[in-house]
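What follows is a set of structures to go through.
One chain, subunit A, appears in both complexes that follow, with subunit B as partner in the first and subunit C in the second.
Now for the complex of A and B:
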């Protein structure tokens, strides 16, 4: 509970920084709305409507109120309520990213365990070699290659190339499979290498030698003596990759697969300078970041008795 | 007693490590026995092969880079060298146990004492749950941990170094091993705690009849707790003898040098192996003759050319051409 309270100043800080950046470097809508050669009165009039003439503190407080009530007004470009755009698109993005994210990490840990168990042998070498290969291919190329392989008439032609016409679970699987495979492919190499390094380091610890000296089976060593101890770095990596995966993953995947998620909406808002949407997305990202930090700390406490929530 | 078969019998054991600089023979043909219920000291300078010897007995030489390349280790007449891993695992922690030097890191930090002790008990004694926990509490009580029924639910970081080492001892003795290997069990502890923990080991060793191989830098501890000691130098045994004759009348110039400095260490409370002028030869560039020759005041031409073999006489053994006290 205390942790959540300490999260509040963090949220304030993060949103303040993003707000300053937005106000100072974000687009000024005045001239967009007025076209060429506006009169001075028109400018003042529009700036007043947009709230640009108010003091920074007032505008920031207003932004915080918007965040707290989740009411960001209406989109500049479509006129739709921002909150209803988010309610419509965020679930789509989550549904798109989650399977790849979960499977990418899960498979990463499993492959890392297998590689660590066979450390130095050919199984380890094959897993690590393939990981390096996976790491060195760019996400874009993977997406395009997978679209050709799985979704084009030149390849298997099993899944739709683009879009998100999801009304049933079967539809969902049809549309989510290729993006999921692509994101697993790009993340798996990094994950496996990282997790293997963590596990191998843990296997060299004194307490593992103790367990060996007391007759533990190698499998038991891996799952009992090593896995739980390795959880801190594993959790850290997973939690800290969430904001990145959500933002970059959904931006890329959604634009290349034509999926109407929040990434696509954000991308369009950046292009058109749709401030209400940008404010909402930036604010929510800040909150998400702070929440992952809090959950991260709570999970630490769960796996490591030496860490206490002060 | 002497006619009885030894508990552990090590013969001509050779352990080699492949390193970047070449093949290192860390143990070069050592032979010794450990009798039932005795405490045997294993002393020698850092790097002489004490830990490698204990790990070899447990079949835990890290491989690669290490390997037992020759010799035999027999426990109650059963050959351990070349024993399949699955068989060896049954011995580790049950027939032979080991306590390590670092109580701070030797226990798993993310599991409770109960959890770790119960693992060992269920593995070797096939007792689980409440029964295993009760047995573990009994053991903790035996090693002198106050309110063991509460302590057992704590994590290692909640215990002091001395308490953790007691937990290690309790765990090591929980399956009634015949042999306990204690590799510098007290070196990492405070001086006052060292004495208490040593006392505890000796007391339990008497009560349970466990044989102990005590690896230590502290000759005072050897004098107080051991019946016999083996002195190692650069991968070889240079002398082994019962404690009293060894301390009163050391025969190998190296042991003599160690013993000569004892009054001084006891007075100064320096609990490390006394230093003898000179350095240990590099295991990669061993001299042709006696390995101690460079530091030996009695060394002659023959010592530099030939390696002395181990000669057994009157229950003691020495590897030297000119043993002290015989001239």
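Now for the complex of A and C:
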């Protein structure tokens, strides 16, 4: 409860800064919504409907009220209820991102363990070299290349190029595989390098050397003595990337694979200045961060009972 | 280890749950058409380069929105499927309107026995018959004070009593003198002054017949739950991804008369169009339209064979798929084996405007400077290289033409000198000299545009041309805008000095492009250049009530010459569209004025008949 209360200033801070940016630097939708040859009266009318004629304080207060009631009204562009859009698109984004996110992190940890264990050895150098390669290639290029390799008629032709006609788990695997491979390819390098650095530091500790001296099996040593004690920075990295991954991380994947998720909706809202959607997404991201902080603290306690939640 | 496996197990379960949550509610097209379907469903997958913003006819302002709206809703008129130049014909109307001698009264009868598609909006979910009153209701919606309409300009100040109805508070039970029903299937429209383009306005999505029950039921969300009497019914709409429609099983039986539609065996037989003769549209059971902006993804999906059936060809692919570009694009044998192709000049054009409200380049209170500004504009136009622009940005296959009457409208003058579109550096330098412009005293040219690679490249090209006539590089400045909305706002507020614009015709009449330079339509109106020539304005007003005639065409051409002579805009170029579709699709595509009207005529062949 205390954590939730301390999250309120964070939500207020994030929403305030975001709102200032939206109001002062966001696109003005007035002329997009007007017909040809509008009169001044019509311009004023649309600006009034969009709430542009209200003071900043009034608009921000209204926004906080919307956030509290979770009622963000209707999209300025499509006219659809914002809550309906989010309910429809967030699960799709989660379903799209989750396998890549989980596998990318799992593989990252495993490769990092192997590299760290063989520090300075050729295995370490190969893993790090491949990681740097993965980090260096643009996500866009990876997506296009993977589409050609795995999906197009000029490549292996194994999966759909785009779409999300998912009615069963088999369909899901068909549509999610290539985006997942692309996201793993791109994230693996970053994850592996980060986790390796953490694990290498842990491997130099006294208790690890003692375990080695006792003749502990490498697997036992890595998982019990190293990984378990490296969990704090690993959890921090994973947890804090969740809100970003859910809201914005899937934008390119959704655009190029034609997947109706929240990333694309958010991007379109940014470009077109659809404030009801932007307000909802920003507000929810801030709330998600607060919850992430709380879950993060609980997980710290789970992996290291010495840490107090107080 | 046991703990680890439990953890992994839980994670896998979470993935499965999340993935199923992300599954769409199952859509079984066969089931949706149960009892009406003979054999497996025929599904045609079209693609568009952008997504519609709203499917409410009030806001069907974009090509993409109109594409879908006219397939869900009915309009009084449509354009013939195959005839070019475009010919308007009855759609929901029984015949073309009876027009009074003075051109002020239109009597239009609508077909009987036409029903709205079934929808929860109607009592018991059963769509009722379409009646004349629905059109009146639909037009009134555009003038309802609480609605935000993008189509009211079509009838603003044109119909007797309509504007007054709005001013009086938009009470739907109040009768409008100029908008009445004579019986349940006859509409009488009375105009304030003759309006020759009126029938074209009734071929646009804005004029679609909307049932009041749907408006009441869905409210603002009518924009995502369209309910009409058109050939298709919306099954699922993902506003930024796709629209999945199924055949409206209540759509009227109207066997296709190919001769009436403008069938020409030389042009159309190769597309298999003869196979649809006598069939009643719509010819496919389901129509899916994917909205795909990313050209690489769209191209891969099209080439896949079992995804989208249709694509416009992205500029970067033109060189690869054509064995010949001029005089007529021809596909390479490999592509011709796999796909049908049709190329057509767009019903619109691109142009670069000068802001005439900017005293540095446009009108100036000082008559001497005003004259010098005109010479400067003309010099810039003479330095503009349309050929190079065409080669670099439009694959060299676009069509350039002088002025603002593009080749697709009947009033286009093929005999008009094209000197205003040819690069002439000597002439440009001479004009600079005549105006007394030197590198020291020329004003800085601010070229505005959306912050995109293509716009930046166009600016750099423009800057290079200006350098050729002695303009210092640092005096040609790029003013970038983060989004189209910001750019549009700046144009509408007359804040940009020079800017590129594009225009797609609403109907095949040059009046639609001439209004772009009509003085009273200056910013924030559609006259973005803010040109204001009293003689031009007078002719525009005079022709606005004239029916198509040789005399009107002559006056249109005079107006075109004025725009050219005053160097208000650097114009124009009509892009060439190349469309490809799979060989098992029977179609003749037109992305613009006929637009979505062609979709009800699209058929799919099975393997044997391909």
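Observations on the structure shown:
Following the convention adopted for this analysis, the second predicted complex is superposed on the first by the 265 of 310 C-alpha atoms of A that agree within 3 Å, B and C clash if a C-alpha of one lies under 4 Å from a C-alpha of the other, contacts with A are read in each partner's own complex, and residues count from 1 in each chain.
The working rule: a residue touches a chain if its C-beta (ideal position, glycine included) is under 8 Å from a C-beta of that chain, and two chains touch if they have at least 3 such contacts.
Just so it is clear, the structure is predicted and the values come from calculations on it, not from any experiment.
In the overlay built on the shared chain, the residue A:149 is in contact with neither subunit B nor subunit C. Applying the stated contact rule after C-alpha superposition, one finds that A:164 touches subunit C and leaves subunit B untouched.
Looking at the shared chain after the overlay, A:99 reaches subunit C, while subunit B stays out of its contact range.
If you count the residues of subunit A touched by subunit B and by subunit C, you find the higher number for C. Of the two partner chains, subunit B is the only one touched by A:225; subunit C is not.
When the two structures are aligned on the shared chain, A:304 is found in touch with subunit B, with no touch to subunit C. Per the touch definition, subunit A reaches subunit C in the complex via residues 25, 27-38, 43, 45-46, 49, 74-75, 77-81, 84-85, 88, 91-96, 98-99, 102, 144, 147-148, 151-154, 157, 160-169, 171-172, 176, 223, 255-260, 264-265, 268, 271-273. Those residues of subunit B lying in contact with subunit A across their complex are 58, 60, 64, 89-94, 97-98, 100, 102, 105-111, 119-120, 123-124, 155, 157, 168, 171. On the subunit C side of its complex with subunit A, the touching residues are 4, 11, 14-16, 18-24, 26-27, 51, 53-54, 56, 59, 61, 148-153, 220-224, 238-242, 290, 292-294, 296-297, 300-301, 303-305, 307, 482-486, 488-489, 492, 521, 524-526.
Partner subunit B is touched in their complex by these residues of subunit A: 120, 205-207, 209-217, 224-225, 228-229, 303-306.
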